[in-house]
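In what comes next, chain A is part of two complexes: it sits with chain B in the first one and with chain C in the second one.
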Partner chain A sequence: MRKIIKYVVSDILQNRIVLVYTAFLLVTAFSVFSLEDNNSKGLLSLLNITLLIVPLVSIIFSAIYIYNSAEFMELLVSQPLKRKTIWLSLFTGLAVSLSISFLIGIGIPILLFQPNKIGLIMLGTGILLTSAFVAVAMLAVVKTRDKAKGIGVAILLWLYFSILFDGIVLFMLFQFADYPLEKAMIAVTAFNPIDLSRILILLQMDVSAMMGYTGAVFKDFFGTVTGMLTSMIVLLLWSALPVWLSTRRFIKKDL
Partner chain B sequence: MITASNISKKFGKLKALDDISLTCNKGECIALIGPNGSGKTTLIKSILGMVVPDSGTIKFNGANILHSWQYRSQIGYMPQIGRYPDNMSIGDVFDMMKDIRGPQNVLDEELIHLFGLKEQMKKKMRTLSGGTRQKVSAALAFLFDPEVLVLDEPTAGLDPVASEMLKEKIIAQKRKGKLVMITSHVLSELDELVTQVIYMQEGNLQFHKTIDELHAETGENKLSKAIANVMLKTSHEKNH
Partner chain C sequence: MGGHAEVRPFFFILSIFYCGIASSRTIHVGAGRTYKNIRTALAISADGDTVLVDAGHYKEQSLVITKRIILKGVQYPVLDGEKKFEIIAVRANGVVIDGFRIVHSGISSMEDLSGIKIYDRKNVVIKNNILEDTFFGIYTQNGSNCIIQNNQITAFAKEEQQSGNGIHCWKSDSMQIIGNSISGHRDGIYFEFVTNSVIWRNLSSKNLRYGLHFMFSHNDSYIANYFSNNGAGVSVMYSHGVKMLGNVFEENWGDGAYGLLLKEITDSYIEGNSFVKNTSGIYMEGASRITMQRNLFKDNGWAMKIQASCMEISVSSNNFISNTFDVGTNGTLVLNTFDNNYWDKYDGYDLNRDNVGDVPYRPVSMYSMIVEKNPPAMLLFRSFLASLLDRTEKMIPSLTPERLKDNKPMMKKIF
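Take a look at the complex of A and B:
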């Protein structure tokens, strides 16, 4: 398996879009930190940018890359390799190389300006988020044969997780405003890796004090070690589950 | 060596393969011919395990290939369209394939030399022309000296010199007692190569004959004319 990953990673790291992505993250991170006089404020702005850009690039780049590798995967399938190995190598290759460019783009500035617990948590969740969206892209791609449709599905999924999900949650909150929903909200966040990452990081910051009663309930859960571990595991599940489902599908797929 | 019995495959409503049975043995060079969409590529892909037939079994050296992958170490496959990751160099592709196949005693690098790929090892795949990519695919198929060669439209896109070299190579492999399966639309270039012909139409296997049988039946020496003759005859019989 290592054999394929090595070549896939080096191929992706030389890809122009990935290079631009890395440079963009690097420039944004540096400018955000230099614009704000307070570094933790800078981190907050950076958080909002990363939570928008990282999933977008991860899901769309992965989808396009897998479609463009269709013939290459056929060639690999004709070699003495298990299909599972090929698919998992592709996932690992994509997740590792996009994580590397995230670590370069965001990691270097954070280590320079915010080398503390919050900074490290942000890097960790960024990597988990990258891998989760690569996994979701693989699931979307394996289920749709048509390239244009598949990329469309990837964009819609990103839109759903980034924007629509919050809208739906807000709508529900207003509808059921009479009921105590604070605890239920914790469970609801598990269904969106972006929200989960946001809350996980926000609660480490001082701004969480301004989040009112819900913020206090969240802090009770996410602020504890158990809560943090649980949310990390849920984030990991967001990678593991789609990868597992898509592998099962890929093994039976006609190429 | 390869035995397919009663394999069928449907893509939606389209019957790509309809109850096909065939046997291929060592030392044979088999031409798979038929119009576009007749199921040639699907048949090849089923043998390689890329497509799983709805029913029927394919055996490789007596063992069922379903859910098995080791048998492919004895197959060299040259796809119809070879596309490789953009930023890999030719050298990377060869290195990766060598890594996948593991340490091999014999590496047959003749085609790499003949095609002049050795001098281009550092070139990126995305900068290559379609013909050069075909050369890479061909060299890869022959690299591990496999017992079975499956070539899907091998000469499409190759220049005359290169396609002549490839033909020589195929003949040499046939002499060594390997099994070669070729699909092609250019019948004239199969003349010197093949020993058997499989003709497919709409997912059906119309006939599987040796070249000598064909010649004797039709009285034609050229493969293209012999096939045309047989096709006319079958359509004639259908009409009456």
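Take a look at the complex of A and C:
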């Protein structure tokens, strides 16, 4: 298993797109911090990058990579290797290498300019988001044989998680404005890893505004150690669940 | 004959001197002195005497001062109210109380038992005392021209009903509240029907309700005070002619907590204050004719909430830095002016380089209107969708009040 992971990681890290992705993150992060006069504003711009670009690149790159390595996988399957091992090492390789480029691209500027709690939470959630979206991509790919369709599904999933989901939530909020929705909203956020990461960072960043009544409800949950752990576990589940489902599927799949 | 004429005035002057010396006796109170307790010393004292109290623990029940004396403690003698009594009652003009540690007054829901209470008198000075665990700290009822200076007032109650106010002034005039520090009371400083007074350099923190509470008190100034971590911030209500200069309002957190709450305030002046890390920096309701200049709003949830019931409020030359929302409002009617402020969220340009932005800044964001209508929507704040909504609204304002804008936003921090 380790051999396959090593192979995948070194293959991806040499990939030109990933190099460009890393450089892009690095350049934007540095320019954002040096352009804005206060660092917390820079962090805000980085938040948008982490919540939009990172999932987008993770999901689409993984989808394309898996389609492209179809022949390599066929070769591996013909060897005396368990299918489960192959699939899991593919996932680990993708998640690790994309996390490495995220850590280089965003991690270095954050450690230089904002080495505090908010910065570290942003790094942590960024890595969890990367691995969650790699996992979602794998599930999408294993379910669709057609390459164009699979990539399309991946893009739609990204669109859903980053925009549509929030739109639906906002719509529901106004439809059910007469009901006390604060507690329900906490549960709803569990269904979107991007929202969950955003709120974790928001609670550190806009702490004054979040202390209003509604905010206090969120703060009481997400701000506590239990809440923080719960949301981390939910974020991890967002990686684990799709990977588990896709592995089950891959084992039986007719390649 | 001539000799007599010269001697008489001499004797007259001498006799005046003699009287003067006689009436400003110093009476010592203490374990090794003639007078073992303050009560007996007060009984034999006359106007103008000084009563010097040695260090020690005195359980005097209630002391009533009815003569114009100076009551001075040496090395903070303790006056203990044994959780039953009002410790000192001042019922004479010109009394000075200096240097005591006043502890454990009674608690009553019928009477306002206090550490020191001034009844209908003037020119009283209360300074350098330490008050601990008193129901009300220093209470002035119908006093005038009194000075309350450099006292440390601390209470430990957990509930509002179990606690009175640190410095409480009712129906008074020309009061000077200077350099006190107050914490743990219901309201730090409470003014009701108090006029022409000054509150200067006090520190009011961790009080259960308000750091400073003002009702029907006209023409007062409060200058260079520090209010932090109070249950609901500072509240100024139903007054006119209030001057607020150079105060700091910090870390008042919660839904009903405001750095400064202005309700039905008119003709007032707010300059040089700092509002830092409050849920709402300033909340205004029914306020009118207020000038706000050179204040700093930093790291607040809402820098300012101006309800539509306010009018003729002029907000100019203030710095708005890293607030979550700059201005919140509840309607579309705007009768106030915003000019020449610095907003860190402003992203306009300045072609003629006169340091004034060329396009107006709209401090009310679409999302702050949405949150005002539907608080749980705060959960979606800073999402891609929310910034998209804000952007569109900036292009074509529809929900936000059209006239609430700064026509001359500054490009650089003003101070």
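General remarks:
Operating definition for what follows: the second predicted complex is superposed on the first by the 248 of 255 C-alpha atoms of A that agree within 3 Å, B and C clash if a C-alpha of one lies under 4 Å from a C-alpha of the other, contacts with A are read in each partner's own complex, and residues count from 1 in each chain.
Just so it is clear, contacts are C-beta pairs under 8 Å (C-beta built on N, C-alpha and C of every residue); 3 or more make two chains touch, one makes a residue touch a chain.
As the structure is a prediction and not an experimental result, all values here were calculated from the model.
When both complexes are superposed on chain A, chain B and chain C end up sitting side by side without clashing. In the superposition on chain A, A:210 makes contact with chain C only, while chain B stays out of contact range.
Taking chain A as the reference chain, the count of touched residues is higher for C when chain B and chain C are set side by side. Applying the stated contact rule after C-alpha superposition, one finds that A:80 touches chain B and leaves chain C untouched.
After overlaying the two complexes on the shared chain, residue contacts for A:137 are found with neither chain B nor chain C.
In the superposed model, A:29 makes contact with neither chain B nor chain C. When the shared chain is aligned, chain C comes close enough to touch A:170, but chain B does not.
When both complexes are overlaid on chain A, the residue A:218 reaches chain C alone and has no touch with chain B. Closest C-alpha contact of chain B with chain C, superposed model: 35 Å. According to the touch criterion, chain A has no shared surface contacted by chain B in one complex and chain C in the other. By the touch rule above, chain A contacts chain B in their complex via residues 3-4, 7-8, 10-12, 14-15, 68-72, 74-83, 252, 254-255.
By the touch criterion stated above, chain A contacts chain C in their complex at residues 38, 40-41, 44, 47-48, 51-52, 162-163, 166-167, 169-170, 173-174, 177, 181-182, 185, 189, 194-195, 198-199, 202, 205-216, 218. Across the interface of their complex, chain A is touched by residues 11, 45, 48-52, 69-73, 75, 77, 79, 81-88, 92, 95-97, 99-101, 137, 140, 150 of chain B. Chain C contributes residues 253-255, 257, 277-279, 299-302, 321-325, 344, 370, 373-388 to its touches with chain A in the complex.
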